[in-house]
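Submitted below is the structure of interest, expressed as structure tokens.
Labels for the chains are A, B, C and D, by order of writing; each one numbers its residues from 1.
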Amino acid sequence: MTTALFVVLAATAVVAGALVFRVDSMARATFLLLLSFLAVAGLVLMTGLQYVGLVIVLMMVIEMVVMAVFMIMYMMNPAGLMSMSMFHNTRGAAVIAAATFVALAGGALLVDWPVRGGSPAPDPTMALGESLMSGQMLTMMTLGVTLFATIVGTVVLATGRGRYDRLGDELDAPASDDRDRGGVGR
Amino acid sequence: MDLRNALLRAAAARPHVLVVGGVGTDRLRARVEQEIARRRWPVATAPADADVLVVVGRPGPELDPVIDGVWAAVPVPRSRAQITGEDEIASALEAAVRTLSDLTAQHALALRDGLPTAHTDTSPGEQDQHADGHDEQTGHDEHSGSHHHQEGGMELPGGLAMADLGEDRDGLVLDQLHVALGPVLPEWPSGLVVDVVLQGDVIQEARSRFLDLDLDDRDAPECLPDAARALDSAARVLALVGWDGPAARARGLRDALLFDRVDGSRVLEEVDDLRRRVRRSRLLRWMLRSAEAGRSEVLETLHDKLLSARCAVAGAGGAAPVAVDLPALDSRLVGAEFAAARLIVAVADPQPQPTLTRPADRGGAS
Amino acid sequence: MSAVLPLGWAVLLPVLLLAVTWAVVAADVLAAGRAGGRPVPWTVAALTPAREALRLLVGQRRRAVGGDELLRGIGGAVLPLAALLAAVVLPLGLRPVADLGVGIVWFNAMEVFAWAAVWLVGWGSNSTLSLIGGYRFVAQGLAWELPHMFALITAAVGAQSLRVTDVVAAQQGLWFVVIMPVAFVAFLLSVAAMAFWGPFGAPVGRDVAGGAAAELGGVDRLVFVTGRWLLLVAAAAMAVPLFLGGGHGPWLPAWAWVLVKTLAVLAAVVALRHRLPTIRMERWTEFSLVVLTPATIAQALVVTLVALGEGGLR
Amino acid sequence: MNLQAFLVVAAALVSVGLFGALTQQSIVMVMMGLELLLNGVILAAAAFWYFLAPSGTEGQVLIVIVVTAMAIEMAAGFAVTTAIYRAKRIDMTDDATELRG
């Protein structure tokens, strides 16, 4: 039963992942990638990591929907109505990818892995939380700062009109000159 | 067979109705809407949602193919009714329900393999008018996004066309779609079509026109009296902002003014009540408030409409509604986001004025 | 007494949800009639859900030219499935069908599928208006998801557990709505937004001719609409264990309290629709990010401080 | 279900992702390749945690880090795409020749 579930999820993850680069429709590609993520989330859940598995589901659904929006925004022919090849350097990439797979899989099969040390905590979620809030506090804080920096950086990069364009050089305009105003009136 | 008949009959008890009318059918359309509301039948939002297609008045040569396209997009069980006079309404609706529950009739109406058969286009000029926002069912040859005779379009399999590119208001060059809004859209002025260039849901270009304007042999267009027209248009605005209750009330008041000989004082009271609710809704103000582009205008015009309706009911002779000409409407629509554009059209409530608005270059529109 | 209901309830759960949905649809018809000045007799209203379902069942399905049939079908089917899966952790009484240790995260992860579902339906229909509807839902989703998550987190912090039954147990004395009113309001708003209901109905608004659902006919529409209703019911029902004390209450058995409270929340949500117009995307987005999100964060902080003050984390 | 099986699946995901990231012309598609690659890393981390050191929490922390990295990669990728697109109206890696020096 467990083996069957593993095989199904593993096959789904890999096949959907490979199909991402085969289909013409951008929407289908995005949601195939989502399917691959969901299968991996299923595998993670099988190892007993409930919280982390569900967080992957939660994040990836949102991320892929956002991704689909961007795909359609920037790609020509997003619906894949006309098949077009978007590959370059296929042969070299195939060689590199195959070599990577052989090296990684070979390593996985040949290395003499150590025996299992210890058993899982009764509640891995609690263990994760305690660890993040004590021993791994530095990790958590770094992640937080990095995320914040990303938010600021990406907004600066992507925005066309910043607040100086909207509110004047001294930021003293009573209201912005936006065509569509938000709910708070800024 | 009996079971299927029974099922059809039960399903036909509450049909969703799509009412389509050309220019100058407002009064008859109001009468039909009143009858539909009396029977508690819902009004369909789109052809896919409809069971009964009611054509009000006699559609002209421009509207006719559009209606055929809409009809092709209505899923079986379906029935179509043509209503040209007030006395036909009840019988036509009953006949429509009979058709809906008639198994053999529905078999004959069923679409071949789920796809509407393509209608042949008579002229490129007419082709645009099928694109009413639901057009991908109306034929094999159109795509809501684009018309394949538009320049810059790339031909795709299935006759669909690729979108053009154009700069958006944020400085990004993104896809543009050519869409014709109307004449079959919920809460849309009769017979109006606005050809727009859409980017996302922002309108980049707009050109509006009325269908079948230059028909000289049409019956004298029946116009609504001022009060009823103000209420009709207010009801549309309220329905578009998603406030169904007050919208239904405004429509009920319109019908009461038009068709029921009720005493004015009760109507007056209810109009005042409606005005108070609209004025007091802070959410409505929050939503419509803006410094720009006809948005605060939406709320003001809505207030004005209700006020003029009140004046007309009270016999004070409120100001006649200001006629909005189509070029002014077009310029207001440019740059508006889709929901805002719908409101702008609804408050403008343009009426056809053949002598004023007939564009000299009709051919150039498409 | 085990913490989980017998397995048979897994079959009964959809039936229960559909029954509640039936009642809510009928109540909505009644409320719409009252609001529109054309009251509907309750006998008619009670039959309306069945009539509408039957109408769509005998109706023909429609295909969209150039549309993505597969994606549209998946999107439509995911909506009711997501609602049912989210409802698995709902305590019916004091015990849910599945008492997951991370039940709150499970609920959140399942209802997020609505994002994908509505967007897929809007995209797969290949119609401009449908796609606008789909995009509207995504824009709205970005705005409601953050306050929604903070509201869920606040309840979890209050109970110091992600297990829904623990959250209910923690409210034996005091309902969480009393100590976290902001989170409760944010949760109710996001419930309505999640099911694109009432003031958040822009994705299927009249101005876009039904939006994401504009091109759906027959069974497709039935599945989509039912999924939307189920999502509304499941999400509103979740407010009961999270904020309204779950099955706790005097006199009545736990299941009755859950039912009564769920119906009360749903009545509030239905009333919301008939009292308020639809909120526009750009207004809601800014309000949600500038006002609601900080407010829910502050709420979470307050509750955390209270929890710490009451003797620290367990 | 053992460690080797998990790792082989993870290796397959990594190499498919690598192939995608190397071959795709569109920046967005390159990002999808990278995401797939990180997907394999997540799986490997979960497997290592479960089969080698379940008593610790490092495996879980690693997954949290990778998931965050994915979010950052997406956000940064889309921001860069938007910036490039705004400036040059391109979204293909081949066209962004400045990057080659």
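The rule is short, and it goes like this: a contact is a pair of C-beta atoms (placed from the backbone, for glycine too) under 8 Å apart; a residue touches a chain by one contact, two chains touch by 3 or more.
This is a predicted model, so every value here is computed, not measured.
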Which chain has its Cα centroid closest to the overall Cα centroid? C
B-C or A-C: which has the larger count of contacting C-beta pairs? B-C
Just curious, how far off is subunit C from subunit B if you go by their C-alpha centres, in Å? 32
Measure off the straight-line distance from the CA centroid of subunit A to the CA centroid of subunit C, and report it in whole Å. 26
In whole angstrom, how far does the Cα centroid of subunit B sit from the Cα centroid of subunit D? 48
Among subunit A residues, those touching two or more other chains are 51, 55, 66, 81, 160, 180-181, 183
Mark out which residues of subunit C touch at least two other chains, giving numbers and ranges. 66, 126, 135, 282-283
So which stretches of subunit D touch two or more other chains? 82, 85-86
Partner subunit A, residues of subunit C touching it in the complex: 66, 68, 70-71, 74, 100-102, 105-106, 108-109, 112-113, 115-116, 119-120, 123-124, 126, 135, 138, 141-142, 145, 162, 282-288, 290-291
Seen from subunit C, its contact residues with subunit B in the complex are 32-38, 40, 44, 48, 51-52, 54-55, 57-67, 126-129, 132, 135-136, 199, 201-202, 205-210, 213-218, 221, 274, 276-283
In their shared complex, subunit C is touched by residues of subunit B numbered 7-8, 10-16, 37, 40, 45-46, 48-49, 51, 73, 75-77, 110-111, 114-115, 133-134, 136-137, 140, 143-145, 158, 160, 177, 179, 185-187, 198, 200-201, 238-249, 252, 281, 283-284, 286-287, 337-339, 342-343
Subunit C contact footprint on subunit A (complex, rising order): 25, 27-28, 31, 34, 50-51, 54-55, 57-58, 61-62, 64-66, 68-69, 72, 79, 81, 123, 125, 180-184, 186
Quick one: which bits of subunit A touch subunit D in the complex? Just the residue numbers, please. 2-3, 6, 10, 13-14, 17-18, 20-21, 29-30, 33, 36-37, 40, 43-44, 46-49, 51-52, 55-56, 59, 63, 66-67, 70-71, 74-75, 86-90, 92-94, 96-98, 100-101, 104-105, 108-109, 113-114, 116-121, 124, 127-128, 130-132, 135-136, 139, 143, 146-147, 150-151, 153-155, 157-158, 160
